[in-house]
Amino acid sequence: MATGFVLISVEPGAEREVFKEVIKIEEVADVHLLFGEYDLIVRVEADDYDLIGEIVVNKIRKVPGVVSTKTLARIQL
Amino acid sequence: MATGFVLISVEPGAEREVFKEVIKIEEVADVHLLFGEYDLIVRVEADDYDLIGEIVVNKIRKVPGVVSTKTLARIQL
Amino acid sequence: MATGFVLISVEPGAEREVFKEVIKIEEVADVHLLFGEYDLIVRVEADDYDLIGEIVVNKIRKVPGVVSTKTLARIQL
Amino acid sequence: MATGFVLISVEPGAEREVFKEVIKIEEVADVHLLFGEYDLIVRVEADDYDLIGEIVVNKIRKVPGVVSTKTLARIQL
Amino acid sequence: MATGFVLISVEPGAEREVFKEVIKIEEVADVHLLFGEYDLIVRVEADDYDLIGEIVVNKIRKVPGVVSTKTLARIQL
Amino acid sequence: MATGFVLISVEPGAEREVFKEVIKIEEVADVHLLFGEYDLIVRVEADDYDLIGEIVVNKIRKVPGVVSTKTLARIQL
Amino acid sequence: MATGFVLISVEPGAEREVFKEVIKIEEVADVHLLFGEYDLIVRVEADDYDLIGEIVVNKIRKVPGVVSTKTLARIQL
Amino acid sequence: MATGFVLISVEPGAEREVFKEVIKIEEVADVHLLFGEYDLIVRVEADDYDLIGEIVVNKIRKVPGVVSTKTLARIQL
């Protein structure tokens, strides 16, 4: 099981719309609005990291209003 | 009482317009134009941090010309 | 209820030790090792943001091996 | 009159000590502890920007525990 | 022989298109899609660094969908 | 005499046009195209830092194609 | 097969020593000294991303002189 | 002829010492103390970029008090 934390910056004013769309994505485990350098944090769960990458590129980044994303992948040692 | 310092980047040329709009927001205590990495610094005062977040998202980030914001929240130890 | 996501950078080699110490902190809800720009992500839960700030400054940042922290506060709109 | 906002990062654990030392500097108008990317924000007032630079280099950056500073200078248009 | 590693950020949704265009550029040795802070990493080989700069400015940055680039030049000691 | 070094990021493809416009500004002492994190570096000379700020906001940032600027002010100790 | 590009910052003066140690790590495919924001770029190949994470934490970050690392993981769509 | 602009961060308090040492380096054309995100900007001139890299690694980064450097290389189109 792979987990990614996606930090999202959105166009000013698009926070709620992006929140509502991102939360509908099947592999998204939770979403929070943030205060600070990024606008949203999203936790994505998938079978492996190639899938996480695919979800970020094909689903999250395609939500209108998303300006940029930074994905932090969880590692298990 | 909660205090947030909002560092704002604006579209080139929009500095004055953003300044004039942001200063009208009730919870904005002061605004300064900056020289360096950010274009404006705004001090926001509200009853708690959820309100600060709401003001940043619903008021400051909706001012035309605002490109991105970074909010630094004051803590009291 | 206030929630903070704390992105931690640690001294190279201190990842596991910091993980083990941070997870013992009462208000820490979960901790993950990361791959990328930061070394650990920690979720902190407390009654308000002043408490989150206190936990970050007095507990998390005092763990040996922590080099810097960036706290992202959750907002509820 | 020149104004600079100095964002300070400190060694973990040194927040209070740095706060107490910085607030003693004559040209420092106010200091706040922060939550997020920086640890302290300091407002410095002086006659001109060369003086602001001198205060940052000779006084603020010499406080034990200060790791790095980023100065944002106010401009008046 | 000069080598540059170009880290590219693209408009959300343009990842594949940019990949397909960048790989056609003669001096591009390889391209990978990334997960994290940047979207693509491109290795460019040319006779000298002025040529690398020219390829980045005249070819890579002109691909539609490229938002920003950061070039890391290889040095040989 | 005040000196500012302005690091400019431009829209991909606008490098030469921005260069040609910026070099015409009276207070601009020199301009170089860069390879790396920023696209241009500009040295501005003026009587004081308020003037440097004014030139950055009113002249440099108004050149079409400029996306963002970061100004580093010279200090004399 | 998983691939990670590790951008390394080292203590000033430790560039060559870190280079020599990193290149001995079995899973390291190539290493280059850089000019710019990072000091070295390392390509790591392993069976999966948990292994890449383990190599970064247990081998690369333990090389004396390494100050920080940023890992960019390759994705395959 | 190759030109590099080296942005230097120094240990707090080491500004003047680093300035005095860096200015003695033969290939250093000029040095300025800065106000903002970096502490010093240094212009280096050499026959080619491999030499610029060598000067940065072997001379500038070896000056005691230098914490990190970011080199921006000039390109000529």
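Chains: A, B, C, D, E, F, G and H, in written order; residue numbering restarts at 1 for each.
Everything that follows uses one rule, which is that contacts are C-beta pairs under 8 Å (C-beta built on N, C-alpha and C of every residue); 3 or more make two chains touch, one makes a residue touch a chain.
The structure displayed is predicted, hence computed values, not measured ones.
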Fill in the blank from the handout: When each step joins two chains that touch, the fewest steps from chain D to chain H total 1
Handout entry: Given chain B and chain C, the chains that contact each of them
Key = A, D
Practice task
Give the pair among B-C, F-G or G-H whose set of contact pairs overlaps with that of D-H by over half, matching residues by number.
Solution key: G-H
Practice task
Could you quickly compare F-G and C-G and let me know which has more C-beta contacts?
Solution key: C-G
Completion exercise
Of all chains, the one whose CA centroid lies most distant from that of chain G is B
Exercise for the section: Look at both sides of the chain A and chain G contact and report whether the same residue positions are involved, with over half shared, or different ones. Expected result: same
Fill in the blank from the handout: Whole-angstrom distance, CA centroid of chain C to CA centroid of chain H, is 35
Fill in the blank from the handout: Chain-centre distance (mean CA atoms) for chain E and chain F, in whole Å, is 25
Problem - Residue numbers of chain B (touch at least two other chains) - result: 15, 33, 35-37, 49, 52-53, 57, 70-73, 75-77
Fill in the blank from the handout: Pairs of chains in contact here are A-B, A-C, A-D, A-E, A-G, B-C, B-D, B-F, B-H, C-D, C-E, C-G, D-F, D-H, E-F, E-G, E-H, F-G, F-H, G-H
Handout entry: chain H to chain E touching residues, read off their complex
Key = 2, 48-50, 52-54, 57-58, 73, 75-77
Practice task
Show which residues of chain B lie in contact with chain H when the two form their complex.
Solution key: 36-37
Practice task
Please name which positions on chain B make contact with chain F in the complex.
Solution key: 9, 12-13, 15, 33, 35-37
Practice task
Under the touch definition given earlier, write down the residues of chain E that touch chain F in their complex.
Solution key: 4, 49, 52-53, 56-57, 61-63, 66-73
Handout entry: Residue numbers on chain C that touch chain A, as the complex places them
Key = 3, 5, 7, 15-16, 32-38, 41, 70-77
